[in-house]
Every structure is written in structure tokens, then in C-alpha cells.
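Here chain A shows up in two complexes: once beside chain B, once beside chain C.
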Partner chain A sequence: MSLRVCSIDDLTPGEGLRIDAVSPPIAVFLTEDGEVYCLDDTCSHQDASLASGWVEDCRVECPLHESTFHLATGQVDQPPAKRSVRAHQAQVLDGEVYVELSTAEPVLPPGVRVP
Partner chain B sequence: MMTSGSAPQLSLDPDDRLLIIGAGLAGYHTARGARLNGHQGQITILGAEHRLAYDRPALSKAYLTGAVSEDDLALDDPDQPLDAQWVPGADVIALSAVPLGVHTLTGEFWAADAVVIATGAGARTLPQTNPDDEVARPYLLRSMDDAAALRATCLQGLGVAVVGGGFLALEAAATCTQRGAESVTVIAGEQHPGATRLGTPVGRALRSVHEAHGVRFASAARAVSVTSTTAGHTVHLADGSAVAADVAILACGAVPATGWLQGGPLHLSPAGAVLCDDFGATGIAGVWAAGDCAEWASQSKGLRPVGHWQEALEQAAVVAAHLTGAEPQPMQEPYFWSDQYDLRLQGAGRIAAADEVRVLEGSAETGDLLISYLRGGTEVGILGFNRLREVKRWRKQHQIRKAQTVAA
Partner chain C sequence: MIIDHLDDPLPGSSLRPTPTGAAYTDREVFAREQADIFEKMWNCVLRADAISSPGEWKKVTVGREELIVVRTRKAGVKAYYNVCRHRGMRVCTGDEGKAKKLQCGYHAWTYALEGELVAAPNLTAMPDVDREEYGLKPVHVRQWLGYVWVCLAGGDSTAEPPDFDTEVLGEVRTRFGQVESIDNYGIENLKLGQTKTYDVAANWKLIIENFMECYHCATIHPELTEVIPEFADGLASQRKNGEVHGSSFGEDIQGFTVDGSAGVAALPAIAPNQDRKYYAITVKPQVFINTVPDHVIIHRMFPVSEQRTIVVCDWLFLPEVIEGVAEGRYDISKSVELFHRVNLQDFEACELTQPSMSSTAYARGGALVPSEHHIEEFHTWWQSTLALLESAEMHQVRVG
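The block that comes next holds the complex of A and B.
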């Protein structure tokens, strides 16, 4: 079932928004092209919020190091992260962002647990 | 800024043997980079420690608190292991230029077509007033063995003295506080830790953050020696004062791990670093150096920092590119980070070159300090407390892309 997580007006083009109401937290991204994507918010390498990362070419670069994750698939490109993060289906209806949460196990960094 | 110059040496033939001395961040990433660039020949990595390559930053943080394990810090990906021969516990004693290779204490000679020296750095220590007392030595925080020993020590009810004012020392102080130490005293060698390198606003902020967690700071004098007995440690300061503690941690700098190169063919700096050009070439054909054991030309000139994780990573990529004839990634603006309590500090740019430090927003108390570094009125660096978005944006906006360097 889809979950309403925010309004499109809450998002800034080229940035991510962390949603803490979901555990583990997720990040909703609005690209400069106007596409909306959703990933788990926590980098799989170390506890850092991907919502604060750099969005470019349909990828987000972790704010701490240089691993980038594909916004549509969560796939990682290079170290230090080794594992991909979960991607969630996002859609916009009437200006509201809805997310279908992945049923896969979250991929959290060492030392970080689901609260 | 990268200094210009022509590519110094011919790259390896596809089946040439690459020998890497040192199994840390720079050694691992040189090997990984060479493979990614298509090198087919044998890659051998001689490591001094009896474990595979691991990432060191967590040794003073999450590893020390017990939040992460040794396996979590492995650099290599078990699902996609690097195609390389790992030789742990290798005791390398000398470099040979002709024939090219290294000698080990056990009498072996490892011949190679290229040698990359990536032996890192060891902890700088203080003179011990009773060096023969093997029973109680201060803890160090360079290797996993060092950190494991400190991690195995219960700190409940104990007084801890941390010698050093850099991030390693401050992270250790934060971790010991979190682990229940009765008291933690930092002997930073300056009134506000980090003020000399990062500016007074940052030094003041760091001190206030630590004091809010109960950490005490000794006088601004430098630590000069330590006396250790089974009853505890006494750290002696240059102003005649002393700090007594049950546990002492030395985190007061690093020295290049190049003792085995002394008297050999390479040029070493007075501190012992292997001197290189900005490609990592040492001047001896086929011998390169990267990471904390090395000092590249722009580092010797003070244009780039020494000892940063990011620096080792990027140098390894440059060396790997030159070894394989690939186009090297340009070195980026220097970058570092530190985790202390619930603060994440990140700094980027030419902070050492700044002639003005400006507080843009926030404060230490609110955990959101944002600092700008300027030189001649132009911003050359940034530092943030929990300012991940701003620091990342700054780094990306200052990113040097490949095409730009070709045009330069």
C-alpha cells in the first residue's frame, strides 16, 4: 500500500528530503528534470543521510565520501560503500508524493540498527 | 592545484609484476585501481600486519566503542575480491633499484617490474622516562591491534589522559567519555584544540563541545614525556605541570613508516617521507609512493595536506593510472571528516592557505557551525559541524573534472 510521505512542494529540485516517519528513514529526491525518486536514507557504508548528498545524473553521492547510488535502483558504483541501498517506488498524485516501500531487507551500515 | 609536468615513466606491460609494499588504504586502492584500469599481470601486496587491508578511521570511533567489528572494516569486498596475492606479516627491510624489488627479514627477494611504496605511518610517541618498564605502556591508535587493546580495557571509573590535539586525540577523548571513563583529560598542546590549523572559532567550538561532555583540558603546553608504571601514567608538560591518569593514550602525530628505506636509494624528507613528484614517482625508475609514507611535491610546498584519508585514496588512484597508462583523475580539493559525540565535522579546501576565518552561521552549542576560509577575500575552504549538505555541495561545486585538466 502506498504511503503519502510529503508534498511535491516540500521538495527542492536537485536535493533530497529525509523522511523520519518511516523506519529506517527514507529519502525522497526531486531531480532537476522534475523526476521523483525514493531510496533508503542511510548510506550502506557509514551512518550518513543520503538526503544531504549531491544529486546529479540520476544518482546521489553520499555526503561523507564518494560512493554514489542510482536513484531508481539504489545500485552503488564505487567504494567505500560496497552494497546497494533499497529503492522504493515513488509517484506523484495531485501534488502529493506516495511511496511504495520495498519489502526487501534494509541494507544498513555496520553499527546502525533499525530503531 | 596540481603542479604541471610530463608523465614521468612508461606504464606497465600487461603481464608485468606489480609489487605493493603496504596493505593499507593506499596500497589496496593502488591495486584495485590497477585492476580496474585493466592490468592483467600479477599484483602482490606485502603487508606488515597479520590481517588483510582494513579501513583505519573507525579505530578511534565506532571500532573503539564496539559498534563495528574487524570484519566490518575490511577494505576488500568479499563478494568481489581483488585479484591480488596478499602476503601478510611481511617484514620488508630494503629496497633494491637494480634488480627492482624488495628484501625481507626472512631473506626473500620479491622481484617486480614496478614497486609502489605504501607503508603508511606509525604513531609518534613521547620519550618514556622508564622505557624498560614493559608492564604498562601508553596506548596508541594507529593499528587495529592498538585499538583492540584499548577496546579490551574497561574504562569504568578510570582516569584517562589523551596526548594530542588533533582529530585522532579528540575522537579518542569522545569515545573514552562515551565508554564510561571517570575523567578524560586532553593534553592538546594549545589552548583550543585545532585552533592553529583550523582557526580559533573552530578550536573554541571543539573545546566547548568536549567540556560540555565533561572532558578537561590540560594547560596549553606541549607534552614532553611520559612516566608509566603498573600504578598508572604521568604525562609531563613543557611548562612543568603534569597529568596523572590510569590510562594514557598517545595520539600526537604520525611518522612515515620508512625506517626500512633509510640509507637506501630513495630521497626521504627530514621527517622520513618518501619524496615524490605529483604523479607519485620517486625518481627511481619503476618505484612509486603514495599515502602517509609519501610526500608529493605539492605537499612539500604546503599546497596539500599530509596524512588525510582522502589524500591517500586519491594518490593511489593517480599512481594506478600512471602504472596502467590510464588517464588519471585530477586531485580534488583536500577533504577530511571527524565524528565526535553527535557531531560530524567536515572540512574541505585550502584551509592552511587561509588568511581569514569567518563564521557564516550557527554555533558549537547548537551543533551547526559553518565556517568559511578566505584568502585575499576569496573563499578557499569550508568547515561544518553537521553541515553535510553544505560541505558536499561546496566540494562538488569545486570539483575538478577530467576535461578541465586536459584544457588547463
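The block that comes next holds the complex of A and C.
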């Protein structure tokens, strides 16, 4: 079932927003083209918030290292992260952002656990 | 012109004293200058178009501090101390670069271009860490004349920076005067035609004093004095009370070039009385602005020690001239060569002066002739800024 996570007005084009009301936290991205995407917020390599990463060409670069993740699929492109992160289906209805959370197992870095 | 100082006898002695030699050699004096002048005042550090796209950064040194100047994505140009807030390692290494973030290479504390701490290993497990409070420590930034100016004062919130509009803009505009406004040159829209960096083995005050007077011009600047014959009278463009005088080109001189040949396209908005004239001002503590009808020359000084100063000199022209140079329609080499020679001649004189500053023969300082008396205004400012008059232990560097 879809979860309302934020309003479109909460988002800034070219940036991500960390939502820690869900566990593990997710990151909602609004691209410069106006598309909304959602990934797990935590990089699979080390504990860092992808919402703080650099968004460009439908990918987000982890703020700590050089790995980037595709916003639609969560697929990683290069080390040091080796595992993709989960992508969640996101859609905008009447200015509100709804997310269908993935049922796959989260892919978290060493030392980070879902409480 | 030439009789200005002859028909107006000066009261008292023709010669006035300079600071003593120790003012130019004492490490403690230099340390105070760094703390009380360069780290308190506005410094012109680099051309804004030197960091033209987001993420481009350059390192600069102001006083004793190393700074990162970066063009951000959202907040224009910002400048920070190059000090990681975690354990203090230099965040940026090398002299320049382009990056999506500013990341310390030690523990990967990572800062947005806008300065806030955005990531660090396990930072999400430390939600009490304030991202702004532990962001890179900023310094004040202004842009003017196409340059980035920074001020380190007030960074600790106990002191406000000096007001840029009063301290820099006001002073420059007042000295140029309403009619001969510096705004006429449109400096902020000019492009860099040439830049040269000079590593000068001399105290920064010797360089300022040299720039303020023209008593030396006829002796060491043959090319400049050909172009501006009135410099042979010893009077500079800079005069007493901070006034600026337009120094006229010679009658047969076509342009401000090394051989007096024609320059390039003139700046379109200069006033009639700015044509065929050279103006120069000092913006304390480290900028010289020179204007002629077709280009502008800006010097930035970066004192390194009591006996070493880096001087960066930029030659600025209209954008169409710079494009024309690339296409072979314009040649700026003779324009650049004139002041490049002036620079070399001046800095050689300063370098041959510096060693004497510690000589017994100069212990009590030297003398200023009438056409140099306005340099006393710089010395008075320098003394009062460092509060030397009230300071007994600085007795040895008092004027006279």
C-alpha cells in the first residue's frame, strides 16, 4: 500500500529529502526535470545519507565516496559500493508524494541495522 | 603642473621622516600587520571568473589563514577557512580544483559547496551533530570590479567586518570624484587579457610606498616617462589628501603602450577628461588600480613574510578586445609590456631597498621629499591601525 511521505513543495529540484519516519530511512529525490524518485537513504557501502548526495543525470552520488546509484532502479555504478540499494515506487497525486515501499530486504552497510 | 610644489613653499623642512628600518624587517611588526590589517580588512583575492562554474574552487592565503574560495550551486561565491571542523586537517589540497563537495581526506567529513556538513561516516547515527555549526567556518565575501573580496573579521561573531560600502567603495569613489568616476571604466565587465605573478623579496609597505610616488619615475621608468612626460616632475597620480590626479599622455603619444603606439578599443563610457590620461589609486591594504582609456591594470598583493610579497597583476580589456586577440584582430602585447616593465623596474628597486632596512645606516629611517609627502598619510594610517603610538614596546618602529 502507498505511503504519503511528503508534499512536492517540500522538495527542491536537484536535491534529495531524507525521510526517517520509515525504517530504514528513505530518500525522495526531485530531479531538475521534475521527476520524483525514491531510494533507501543509506549507502550500501558506509553509513551516509544519499539524500545529501549530488543529483545529476538521474543518478545520485553518495556524498562520502564516488559510487552513484540510479534513481529509478537503485543500481550502483562503481566501487567502493558494490551492492545496489532498494528503489521504491514513487508517484505524485494532488501535490503529495506517495511511495510504495519495496518488499525486498534492505541492503545496509556494515554496522547499520534496522531497529 | 611642474611648478605646483615650487610656488607653494612648505612650512618647515623639505624632508619628512619615514618609519625606521625595523618597520620593514621586524617579525613582530609583520605578525601584527597580519593580525590587525590583513585579517581585519577587506582583501581582493581573485577574479570571480577564475571560478566560473559550480564546484570550482581555489585556495588563497590572507594573513596567516588559508582559505577555500568556491563557486557554489545555490549561494554564489563563498569562502571558508581550509580547516576540517573534525580534527583540523586541510580540507582542500592543491591550489585549485573542481568538486561536487569539499571532503576532508582524513576521516571523510564532507561539506556541501555551500559549507554545511552533509556527510561523515556514521553521521546519521549522531543526529545531535548540527550540520551548520560543524560546517566549514565561513568568511565574509563580496564581489566588486569582477573580483572576489574577502574579510576575515567578524567570523567569530564578536566583531562585525568593516563596512564594504564605506571602507572600499566609498573611499575609491570619493578619490576618483563624481565626474571621473571609476564606474565609467566598467571594470566589472572587463575580461582578463594577461596576468603575471611576481615573487618580490621586499616588505609589502615598500611596494605600496613605491606605487604611491613618482619621484623615481624618470630614473627607473624610461618607457613610462616617455608615455607620460609629466612624471618627470616627480609628482604621481596619487596626491596628498588621497586625491587622484589624471596624468596626461605626451602630445605625440597614441596609447598607453611600451612604445607609445596606439592601444586597442577604448572603454566606451569614460569621461572626456579621462581620455589620454592615467589614473592610479591604492585601495588599502593590498590593491592598486590603474586606469587608462583602453584598459585597466589591477595589482593584488599577498604578503608572505616581512621580506617577501607575492604580487599578482592583471591586465583587463573589453570582451571584444579579448575575442579579437584570439582571432588576431587585436594585439595587447605592447599594452601589457609597458606595465610589465614598470612592475619589474619597481620590484627590482624594492628588492634592492629591502636589505638596507636592517642596516645601521637606516636604523632611524629615511626621508620623504615634498612630492613624496603624501606617503605620510599611509604611514599615519599604518601607525594608527597597529596602535603603534600607544605601544611602548614598539618604540623602535615609530616614525622618526
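Please note the rule applied: the second predicted complex is superposed on the first by the 115 of 115 C-alpha atoms of A that agree within 3 Å, B and C clash if a C-alpha of one lies under 4 Å from a C-alpha of the other, contacts with A are read in each partner's own complex, and residues count from 1 in each chain.
Basically, a residue touches a chain if its C-beta (ideal position, glycine included) is under 8 Å from a C-beta of that chain, and two chains touch if they have at least 3 such contacts.
These figures come from a predicted structure and were not determined experimentally.
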Touching partner for A:2 - first (chain B), second (chain C), both, neither: neither
First, second, both or neither for A:54, with chain B first and chain C second: both
Partner chain in contact with A:42 - chain B first, chain C second, else both or neither: second
Touched partner set for A:110, first chain B, second chain C, both or neither: first
Touching partner for A:64 - first (chain B), second (chain C), both, neither: both
Partner chain in contact with A:80 - chain B first, chain C second, else both or neither: first
Touching both chain B and chain C, residues of chain A: 48-49, 52-54, 61, 63-64, 111
Touch list for chain A against partner chain C, complex: 14, 25, 41-42, 46-49, 52-54, 61-65, 111-112
In the complex, chain A residues that touch chain B: 15, 48-49, 52-54, 56, 61, 63-64, 79-80, 82, 110-111
In the complex with chain A, residue positions of chain C that touch it: 73, 100-101, 103, 108, 110, 112, 118-125
Of all residues in chain B, those that touch chain A in their complex: 29, 32, 55, 62, 67-69, 72, 75, 77, 79, 337, 344, 346, 388-389, 391-393, 396
